[in-house]
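Going by the order they are written in, the chains are A, B, C and D; count residues from 1 in each one.
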């Protein structure tokens, strides 16, 4: 590693921040929860999780929180994911596939437009996330 | 430099504490188990395991904090890992049984920030604790590391840096609390002899029993110390720095050495730092663990390879220090504070704390307290807040008796002073001192004479032996305390003890000697009765001083409750207990060696100690 | 002349400072030594011109002694070294003339060495006595 | 200048003065233990504490290292000071009850017995560090240091092993205020100064008390500075600033007209006669050692004592040690008889001892000498004529037990006798000085058979040498006593003076000359001349002799191929004629 100049240090800082933002950021624009109960995993939730991760990585997004939770109770419609945009009501998507994930991610997470086709329903409460 | 692709995106960062306390609780095994288990579950690309420096809540180690979310897992064992990985990291169900439950409560607290221990802390010196891997410079840089350095090197003159530090009100965290900016100014204005260099030293020789602030900072965030030192070097005009660190801190030594290498590699140390033309490098000097080497002149002598003993001041190191040159010597914690002050400004810093003592102070909270560990609190916080809110009070529902601050040089503060706001002046006023931040909590089972004896035996043992009062005086005081705890003390002894303590405090050569009588002086001041009980009644109220204990068996309880179980007799090594099964037992006092075994083995409370 | 009756005629060139004084000492110390040596005083053994030696042999000398100060002790610093060099060369030349080199001797005798002078003198006389007369006319026309 | 008050006295002292120094100026005594004016303050004993009031703050400070400040008010014996000082001294007394300086201060402070535990009643070391600092600061050897901590602290060389760094200078013992360090303790490195040893006691000394000039010198072999480059304490204490270690021996050329050699003698080394046991028996001493012993400024203050400090009951004086002996020197050293008689007289005067004088012949040739001999005969000195064959300590009879026995053939009685004595004085003879031969070489003079310098003529020129302008005086020429030496020295001085007075110098007439007509200009003579007396005249193409430089050796003459060079009075023709003359029977 050659010696840094000040500009290079700042660039390095930017990159390092992206690698570690998870540890600090509490202020997310959106939160994606993949439901990963035994039922979800059996139905392919891992793939869904990976698909979301890839989307985040590919677009280098740091203001969206991706997390998992246990079974949401509707095992027959797994894999499921809940998407919460800050200030809006959470939306549950069901019967997901990686392709659907892509669309949902682009339209809903990035665009803010709910993909009604895949959505199970929209919650009434609003999230503070 | 080649641009790298965006870093791998993980879903979770698992921050495993790898401070010395957790390491000795096998946290590295936890880490390995985690990695193994994650791989098994195919999560290695989703979940990242990070080793961090000391989290502070050492009582509960090994610790794991899950990010995002700040979920706090504690007292982990390797056996817990497969379950934890599957449940939480795979299935998203946080594991409650591994979370922290405060004593006398039922419900666990999942999030770190909600735990009392962490709630009241204000992190400046420990700002990166649990958030970075100390062995990765990138992690430090991500947390605004070396930003203050850039500012100091490019936007500030040395005078401005010193002015900023002066305005911040930062005072030496090593004990005496000398204003840091003023010290820097002295060194800046001093001219080196014979065209030599000025030196800058980081005092990492932490010797107080039960104190581990410096170790923790060096282990958790070595770069913050390095950055502080480079800024200091710029301010005073030094080109060579030393970190004096105990060789018995292998982990801190390793991480510091690694950090220095990384900083050098990145051009943050050495020649032409960040292309600004400023040269400064740091060497590591390892100490052999003599307490007196924490005294600055002894420390400098030790770096020079001479006998580690203090020399009279003046001249102060700022005038004639290392190799006879002006030397700025500050404690680890002080250096770690510097980058933050430069980054956030003196004004911000000086808002924290009291009128005379600004910022925060790291304390190591140990002794009879629920939450032992490392805490960083703002100056001005009361002892009560630290002990009862952060520290969670005294275990076993026992009564708080005193807190010993400032290590062997400090004094014991009784419960009447619990509401004392902590700063340099108030502690000195109370007969103790800030010291480097040791805080030993004592409960009702503690004998204050014994405590004084303990600390004095430590200073007596660690005295370099150079000056008469410290060498001979501490020994003489210890002899008196020995006599008192054996029931052989007289009231003249007490007078002599007090005279000695005052005289040593007044005439000893260095800080070690001058403060060595503090534990005796404060216990005499606040717990004189206890001394008198030892002397007059030949009794130790806390039953700690064994020679003063008298063991007896309550024959009624022995017979009626215990039915003369005979366990005590069988366990008595000196055959001092007579009695047969189903009969009451009795202790022959002449034979009793006061070992206390009978007291410990009696299940019925028939053995009494007085 | 029988061999027993042969009394060699010897010529000695003695330097003024050492050997001549040494001879004087031998005399004042009443040491007896062979009367065969006839002494010519020179200021320094370095003054001894090879001609003198040849002249002496020519005139009928059976042996010639040059005696000077010990090396390093020369009153004139280095005259005796020059005598030494000349002695070496002249000895070779004398051999070519048919004169035994034993007949030409160089000795270092200091002013304190009266006894040594005595010894040298006696030895040299005996040596030449054994060698017998020289009878060398040195190329001088027979008279 | 700084103004301060010490014990009510107003003082004005220079900046940079310590309180201790200031107090000393005001004649105020502050007790100290670890302080030494030649060493940096160490401030470890904490006995010199004083109470200082400065800018409204009153504190106890050590006076040895605290510098004075304007307006300081110092109390050296306030109640607070005394209380603390007393405790510190009391503690030191408990540590080192045998340390005299501590005892003294303790007494001054009214401490009778320490209240603290005494570990070793014989302990003297107070850990003041003077020895360690002397070794570091003064000597620069760093051979000793403190080891261990606290109560276990002690002074020792590295690892407690004899230190290679120790140069055996004993500075540590010198600085030790309590006598805790002794020479012998230094791991056998220290040579104990023998009672009768004439060797150096200190690096700076006058050679002997009667030395002329009476000026001290630095013995480079003993001086610490020349070993370690440090120390230079003498420079610090010399108020006249007369000491300069950088001074080197230098060669000074002085042009003179004449030189008087008075290079003296050396005494015969009595070790060369093993049978006399010198060096083996401590009570066999040489004449010079005896001379030192009886000297009032000597090691015993002039008392005649044996090595064990007792007075001898019988003393033997042996004459002609190394003189009149074929094995050593054949000549008579001339002075021994008379000084032996003097010794006998002194011993008679100062002790009750029997005196035996073993002589070959009594040589009392000078004025009043014979009379002195007679006086001694009357005083009862026993004169035994005979050469002593052996001195032994192996007794044959009970009387000889513990004595030195002198075996001698008494030639007057004709028997071999064994005489037990306590002390034997060897009347060692005189020998030319050590650099005698070197001097002879430098001045190009001869030595006589006895190896002393040779005079030009024993009767006609007894102080001249064969080198013009060089004269002899004293024992370099032959053994002689003081009157003779003085006489000869006077003569030598007159000879030299005569030359100087005359203003002219007579040259030997025997110089070389070069006949201009015959000289071919070959320049052989030029290169041969050891005195550069011949120069080549380029104009005339001939060589020319400078009469003033020519010493007349004639080397050039014998080398001249053309016969142009001739020596006055020793012309070729003259010598040839001489040779011819030899053979005219």
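For this structure, a couple of remarks:
Going forward, a residue touches a chain if its C-beta (ideal position, glycine included) is under 8 Å from a C-beta of that chain, and two chains touch if they have at least 3 such contacts.
Computed from a prediction, not measured in an experiment: that's the story for all the values here.
Steps from chain A to chain C, minimised over paths through touching chains, total 3. Relative to chain C, the chain whose mean Cα position lies farthest away is A. As a whole-number value, the distance joining the C-alpha centres of chain B and chain C reads 106 Å.
Centre-to-centre separation between chain A and chain B, using Cα means, comes to 42 Å. Separating the centre of chain C from that of chain D, both taken as means of CA atoms, is a distance of 50 Å.
Averaged C-alpha coordinates give centres for chain B and chain D that are 66 Å from one another. Shared contact sites, meaning residues of chain B that touch two or more other chains, are absent.
Touching two or more other chains at once is no residue of chain A. Multi-chain contact residues of chain D, defined as those touching 2 or more other chains: none present. Chain contacts here run in a simple line, from one end chain through to the other with no loop closing. If you check each pair of chains against the touch rule, the ones that pass are A-B, B-D, C-D. The residues of chain B lying in touch with chain D in their complex are 290, 292, 307, 309, 311-312, 314, 460-469, 471-476, 479, 496, 499-500, 503, 506-509. Contact residues on chain D toward chain C in their complex (touch as defined above): 441, 444, 446-449, 454, 466-467, 510, 528, 530-531, 551-555, 557-559, 567, 570, 572, 575-576, 578-580, 582-583.
Residues of chain C that touch chain D in their complex: 9, 11, 17-18, 21, 38, 40, 42-44, 46-52, 55-56, 59-61, 69, 72-79, 82, 86, 110-115. Chain A contributes residues 1-6, 8-9, 11-13, 15-20, 22-26, 33-38, 41, 46, 49-50, 53, 56-57, 60, 65-70 to its touches with chain B in the complex.
Every residue of chain D that touches chain B in the complex is listed here, in rising order: 41-47, 49, 59-60, 62, 65, 67, 80, 83-84, 87-88, 91-92, 94-95, 115-117, 127, 129, 145-146, 148-153.
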